[in-house]
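Two complexes come next, and they have one chain in common, chain A, joined by chain B in the first and chain C in the second.
And then the complex of A and B:
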C-alpha cells in the first residue's frame, strides 16, 4: 500500500468535464453506481460526483446540491467553500488516486471546470447495526453492550469508557488489495512501551492482501500461530476492553469486526470474567476458582474414566466399582471407543446447535441430549456412568468465558482420551507433561504465557487466581511491567470518608 | 538431515513402545476378599477362598465364590481361575482372612508376597478366622444377602472408626512385624449361625497367632498407642458405693449388685521407662469421659457422686490394663510396644527380638488412670 502511494502522478487538473467523466467511468467499469451529474451556472460547468450508496444522499442533496445550484456568486473553489461551509470541505485534492481513494470512503466531489483541484465533502453513509447484547461472552451483571462491526461506533464507545487524554488510538492501515483500518489503542502513561512498540511493529510489518476479521488478524500476529492455544484475548465487551486498557495492556480494534484484540494475555486470563469484578470479592473468587477447576474436569475427567476402566481398576473405590462394572458389562466396545463415541456425539450436538437457528437449536439439544442419551444406554452402546462424566465435562468446558479457549479445551480432550486408552494413567501424565512444556514455552506479545504462575509473581496472584477486597487491589498487574504500577494510593483506600458528626 | 532422522527416531520411540496389558473392568473377576487356609488334603499347600465380583450382563448375582489350591497364593489363584471365564485380579482385595491354623503357623510369607505385589492395595485389612477362612466365607456368603467380603470389611472398618481396635492394614502388619519390641493384633472373625461376626482379638507373636483376647482389649491397646475420641465402652462397677446417690430410692429401690455404666472415652496415654535396670514402666492415661447410660437410676447432682464415679472408673480401667498385661506377658507378645520405648533407652537403640522376648515377661508397669467426667448428658 505504501508502495502504491509512492507512484505519485502529477496533477490531473484542469481537465474538460467530458474527459474527466470518461476517465472516472473507465475506472468504475461495469459499475453503474457512480453518480456523475453536470450542472451549468453563469457559463461555468460543474460536475458533482459520488457513489450513491456510500454517501448520505439526503445530506448531499440538501446541503450540497441545493446550496450549489442556488448560489448567486460565480462558481470557483473558493466561493463554493465559502457558500457550502461543511466542515469536511477540502479543496486540495488534485490527483486521480486520491479521488478514487476518497470516493470509496463516501466522499462527494464538486469539480468546477477550469479549476486545478476538486472540492470534496466527506459525507459517508455507513450502514451498521445498533448496539446489542454480547452473544458469545454473555454476562449476568455489569454492562451488557457489545462492540459492533462499525469502527467509528466502537471508537465512540471506547472513548466514552476511558475519558482521558492519555488514551492513544493509533491508526494503521492494513491490507494490500483491500484496505482495512486498524486502531492500536493504549494508555500512554501506563502501557509498557515495549509492548506498544512490538504490537505496532507486528501490525506495520504485516503483509497480507486483506484482513477478514480481528480473529484472523490475531492469528497472523500471534507469537506462535501453530499453537492450539489462543495467545491474544478476543473480546466483544467494551467494558472488558476498557478495563484491560486501563491496566496497561494494548488493544487492537479492526474495522468491520465486532471483537477487539487484547494483548498481552496470560493463559489464566482466559478464565477471568468481568463478572468476577462486578461480584463481591468472595463470590467472585469462588466463581473464578470454580472455572479453574472446570478446566481440569473438562480435560481430565473422561480420560481418567477411560484409564481407570481400561487399566487401573484398582483406583476405583469399591462402592463405585460395582456400579461402573455393572454398567460396563453390557457394552460391547472397549472404553476408549465408548468415550470417543459419546464425546463425538456431544460435539455434534454442540456444532448442530450452533449452526441452526436458535429455536431449532434448542430442540436439537433436547432431542439429542435426552432422547439419544437414554436410548444409547438402553441399547447397551454406552454405560450410564460415562454419560454422567461426559455431560459434566461438557458443561465444565463451557464455563470458560472465552469461546476460543473453551473450544481449545474441548479439542484437547480427544488426544487425552486416546492417550488414556493406549497408555492408561501413564498416557495422561504424558499428555499433561506435553501440555505443561508447551504452555511454558508459549509467549504472548513476547511475555510469558503462564505468568504469574511461571515466572512466579506473588503480588499478581490476587488478580488471577482469586480476588481480594478492593482496597487490596491497588497494584496493577506487575508481570506485564506497566509504566505506572499502582492504581491508587493504598493508604487512602482504607479510609472511609464519612462525615463525622 | 540429522535433525530429521532424530525426529523420526523420537517419534518412532513413542509408537514402538508396547501397549500395557489392558485390564478392562468387565473382563476381570475382581477379587474382593480372600481367605487363606492350610490345605487339609495336601501337606505344604494352601487353599484360597476367593469372593469375586464378576460383571456379567446376563447374571443377576455378581458375587461368586471360587476355590483354588497351590503352594503359593498366585498358583492357588490361577487354579481357582480355571473355574471362571473371567480373569481373576487381586487389585481390589479389601480384606484378607487367614485361617486359624495357618495363623498359628505364621503368616509372614504371605504378607511379604502381598507387599511385594505392586497391584495389591497396601491398605487392605487383615483378619483371622476362628476356624477356617473357607468355612466362614462360604457360610457367610450363603447367609448374608450381600457380598460377604463387603459385609466383613464394613464390620471391621466400623470398629476402626469407633476406635475400639487399632487399625492394622497390610503395610502396618509388615511394619510392626519388622519392628523390634511390638507385636501385631488382628480381629478374629467367628461364625454365629453362619453369619460372620467379630468375636475376639488375635494376639500375634511376630507373625504367629498365640493368644486370643476379648474384644474389649482392643480398645485398651488402641488407647495406649494413640489419642482416641469418643470410643464406646461399658464398665461394670460395684453398686454398693453408689447406693446413697440412687435417685427415686423410695419408689424403686435397686437390688442389683452391679452398676453398669456406658461411657464414651476420650483421651491419650503417655508411657515412660522409669527404671532402666528394673525394667519398670509408668503409664499415665488421661481420660475424659462422657456418661451415656447407667443401668440403675443414679443422680449425679452431687459433686461427690461424680468424684466417686471417676475414681471407680479409673480403678476399673487400671485393673483391666493390669489383667491384660499379665495375659500378654504370659503369651510373651507385646501389642503395646513397650519394647519400642525400652529400645530407645538402649545404647544406639540396640535391641534384638530375641532379647526382648526374654525381657518382656519380666517388665513391670505402673498404670495410672486419671478420669474426668466431661459431660453428664441428661443424667444430671
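And then the complex of A and C:
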C-alpha cells in the first residue's frame, strides 16, 4: 500500500459526487459496510461516508450529521471546519489512497462537491477488553494488571508508569498486505544506542505480509531461529516492562497483541520475577535461587533416575536400592520407556488442561493425575518412585516465570531422558556440555545470552543470581552498557553511621 | 605471512580469561594419573617435585612472555617466520600443529579408555569419540570468544569435584609422607619431569597472546593459572600418597579417580562413576582449545579456512579413535606425546630466546647502519 501511494500522487478532487461514489464502491466491492449518503443544502451537494462499525455512530450522528444539516451558512471546507470543531478535523486529504487508509482506521469524511479535498473526522470505535489480571505470569504481590490487545491502552499504561519526557515511543509500520503498528520504546537517556539502532534496523528491514502477534514478530527478529531457547522476553506485565525499560533495555509492543517484547534478554532474566523485587532482598534471593535449582531438577532428575536404574545401580545406596528395586519389581519395561511414558502423560495432562475450560480442566487434572497415576502403579506399569520424581520435576518446570522458558525446559527433558537411556551418566553429561556450549553461542540482539556469567561481569551478579539490600543496588545492569550506569548516588547509600552515643 | 596479528574487537579478550584458558588446558587427563607417576620417581617427596616443576614452568613462562614482548602483536607462527624465515618457520609451525594434534588425540583416547575401564567396558570408542568431537566441532564453530567461554564456564562447572576429596583427605596417614627429603636431588628432578604431561598446556600462551586486549596485565593471570594447577595437583598428590599405601599407589594407573570412591552420601554413593562421566566437562575445554590451535595454525601457515581444517581433523580423529581400543597402545602413545611435549613446551622456548634476541640485535644494527 505504501508503495502504491508513491506512484499515484496526483489529487483526486474536484470530482462529481456520483462518480466519487462509484469509485469508492468499486474499492469496497461486495462489501455492504461502506455507508455513503448524499445531502443537499443551498444547491450544494455533500457526501458523508464512513464504515459504520468502525466509527463511533453516536458521536457521528450527534456531532457531525446534526451540526452539518442544521448549518445556516453555505457549505465549504472552511465553514464546516469552523462549525464542526472536533479536534481531529482535517481538510488536507485529497488522495484516494489516504482516504482508504484512514477510512479503515475509523474516520468519517465529508466531501462537498467542487472542493479540492475532503474533511475528515477521526472517531474510531475500537472494541477492546478491559484491563484484567495477568494470566500467564501471575504474581502474588505487586501490580496485577496486564497488557491488553489495544495499543492505545498499552501506551497509556506505559506512559503512566514511566512519567518521563525521556521515554521515546517510535512508531514503525510493519506488514506488506495488512499493516500493523509497532512501537519501539526506550529511555533515550539510558538505553544503549547500539541496541536501539539494532532493534530499529531489524524492525524496519523486516519484510513480511503481516504480523499475527508480538510473539510471531519476536521469532522473526530473533538472533537464532534454530535455537530452542527464546531470545527475547515476552511479558504481559506492564510493571515488568516499565522496570526493564528504566534499566535501559529496549521494548517493542505490537498492535493487537497483549504481550510486549523486551530485548536484549539474558538467559538468567527468564528466571527473574518482578516479585523478587517486591519481596525483601533475602526472601527474594531465596526464591530466585530456588528457581535456578528447579531448572536443574526439571531437566536432570528423571534422566538421572533413568541412568542410575538402567546402568549404574552402584551409585544408589543399598537401602534406597531395595525400595527402588521393590517398586520396580513388577514393572516389565526398561526404565527409559517407563519414564517417557509418564512424562508424556504429564504433558498430555498439561496440554489438555490448557485447552479445556477452567472447570473441566481441574477435573481432568484430578482424574488424570490421581486416578490414572494410582491405577498405573497398581497395574504394574510404572514404579511409585518414578511417579514421585516425575511429579517433582513437572512442578519444578512450572516455576519459571516465563511460560516460553518453562515450555523449553519441559521439552528439553525428553532428549535428556533418551540420552540417559542410551549412555547413562555419560549421556547426561554430554547433554549438559551441549546445552552449555549452545547457550554460550547464543546472542540476544547481538549481546551474549549468558551475561553476566560469560562475559563475566562480577558487579552484575547481584542482579541476576541473587539480590542485595537496596543500598548495594546503586548500579544499573552493566553488561548491556547503558548510557547512565548508576541508579542513584552511591555516596549517600554508603555513608556509615556511628553508634548513638 | 604477516608477522603481526590483527585481532578484531570481536575476538579480543580480557587478560583475566587467560587464567581459565591456561588452567583448563593444563587440567586434563594427566592429573588422573599424576600421583602414581610422580610417586614412582620421587616417592614421599613427590610434592617437592611438583613444586620444582612449578618453579621451572614459571621461569619458562617469563621467557615466553619476554620473547612475545619483543614483537608488537604476534604469535609463535609469526615469531618463527621472523627468526627462521618463511620455509623453516612454516616447517616448525607444522611441527607445533602436529604436536597439538597428537596431544588432542592422546587426550581423547585416554578419556575414552577411562570411560571404558570405569563405566562401560563394552561401549565402542567410535561412539564416544563421535560425541566428544561433535561437541568440539560445535564449539569451535562459534569462534574464539565461544571457545574462551567454554573454558571459563566449564572451569567453574567442574570445580565442585574438589569437594569430593575432603573425605579421603581426612583419612590421610601423614606418616606416608615421612621422612621429608628422603629422595635424592636427581630423583626429585626426575619426579618433576614426570609431571610434564600433566602440566603441559601453558604453551598455548604462544597462540592466544595476540588476542589479549590489555597486554600489560598478562603476567598475573598466567602465573595464577599455573599456580592454581599446581595447587590442585599438590592436593591430589598429597591425598593419594597419604591415603594409599605405597604398593597400592604404584599399582593404580588413575589413583585420583579411585579416591572419589570413598565419599558417600545417603542418597548417592560410588561417586567415581559420576566423576568419570563429569570428567568429560574437564576434557571438553581442553580439546576445544587444542582444536582451535590446530585450525588457527593451519590458517596462519597455509591460509586454509578454519572450517575446512575443523571438519577434516574431527572426522579423521573420530575414525582414528575407533582403532585405538588397546589400553597399552594408548598408554605408549601418551608416553610419546609426553616426551615430545617436554621438548616442545619446556626446552624449545629456551632455545628460541637467544635466537629472537640475536635477530633483534641484528635488525637494530642494520637499521642503525642504514641511518648512518
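Criterion: the second predicted complex is superposed on the first by the 489 of 501 C-alpha atoms of A that agree within 3 Å, B and C clash if a C-alpha of one lies under 4 Å from a C-alpha of the other, contacts with A are read in each partner's own complex, and residues count from 1 in each chain.
Going forward, a residue touches a chain if its C-beta (ideal position, glycine included) is under 8 Å from a C-beta of that chain, and two chains touch if they have at least 3 such contacts.
Treat the numbers as computed from the prediction; the structure is a model and nothing was measured.
Visitor: After lining both complexes up on chain A, report clash or fit for chain B versus chain C.
Guide: On the shared chain A, the partners clash.
Visitor: According to the stated criteria, A:326 is in contact with first (chain B), second (chain C), both, or neither; which is it?
Guide: In the superposed model, A:326 contacts chain B only, not chain C.
Visitor: Looking at the overlay, what does A:287 touch: chain B (first), chain C (second), both, or neither?
Guide: Touch status of A:287: no partner.
Visitor: Of the two partner chains, chain B (first) and chain C (second), which one does A:424 touch, if any: first, second, both, or neither?
Guide: A:424 contacts both chain B and chain C.
Visitor: Between chain B (first) and chain C (second), which, if any, makes contact with A:440: first, second, both or neither?
Guide: second
Visitor: Just to be sure I read the superposition right, which of the two partners does A:314 touch: chain B = first, chain C = second, or both, or neither?
Guide: After superposing on A, A:314 lies in contact with both chain B and chain C.
Visitor: Should A:105 be classified as contacting the first partner (chain B), the second (chain C), both, or neither?
Guide: neither
Visitor: Have a look at where A:334 lands relative to chain B and chain C in the superposition and call it first, second, both or neither.
Guide: Only chain B is touched by A:334; chain C is not.
Visitor: Contact-wise, after the overlay, does A:432 reach chain B, chain C, both or neither (first, second, both, neither)?
Guide: A:432 sits against chain C, while chain B stays out of touch.
Visitor: Check the residue A:86 against both partner chains and state whether it touches chain B (first), chain C (second), both, or neither.
Guide: Neither partner.
Visitor: Which of these chain B stretches, 236-244, 344-352 or 362-370, gets into chain C when the structures are overlaid?
Guide: Clashing stretch of chain B against chain C: 344-352.
Visitor: Across the two complexes, find the residues of chain A that touch chain B and also touch chain C.
Guide: In chain A, positions 311-312, 314, 316, 423-424, 426 sit in both the chain B and chain C interfaces.
Visitor: Along chain A, where are the residues that touch chain B in the complex?
Guide: 309-314, 316, 318, 321-322, 324-326, 328-331, 334-335, 422-424, 426
Visitor: Please give the residue numbers of chain A that touch chain C in the complex, ascending.
Guide: 311-312, 314-317, 320, 423-426, 428-430, 432-434, 436-438, 440-441, 448, 450, 453-456
Visitor: Going by the contact rule set out above, which residues of chain B touch chain A in the complex?
Guide: 17, 19-26, 28, 30, 32, 53, 55-57, 62, 89, 91-92, 94, 119, 121, 150, 153
Visitor: Can you tell me which positions in chain C touch chain A when the two form their complex?
Guide: Chain C residues touching chain A: 16, 115, 119-120, 123, 127-128, 131, 135, 138-139, 142, 146, 149-150, 152-154, 157, 264-271, 273-274, 277-278, 280-281, 284.
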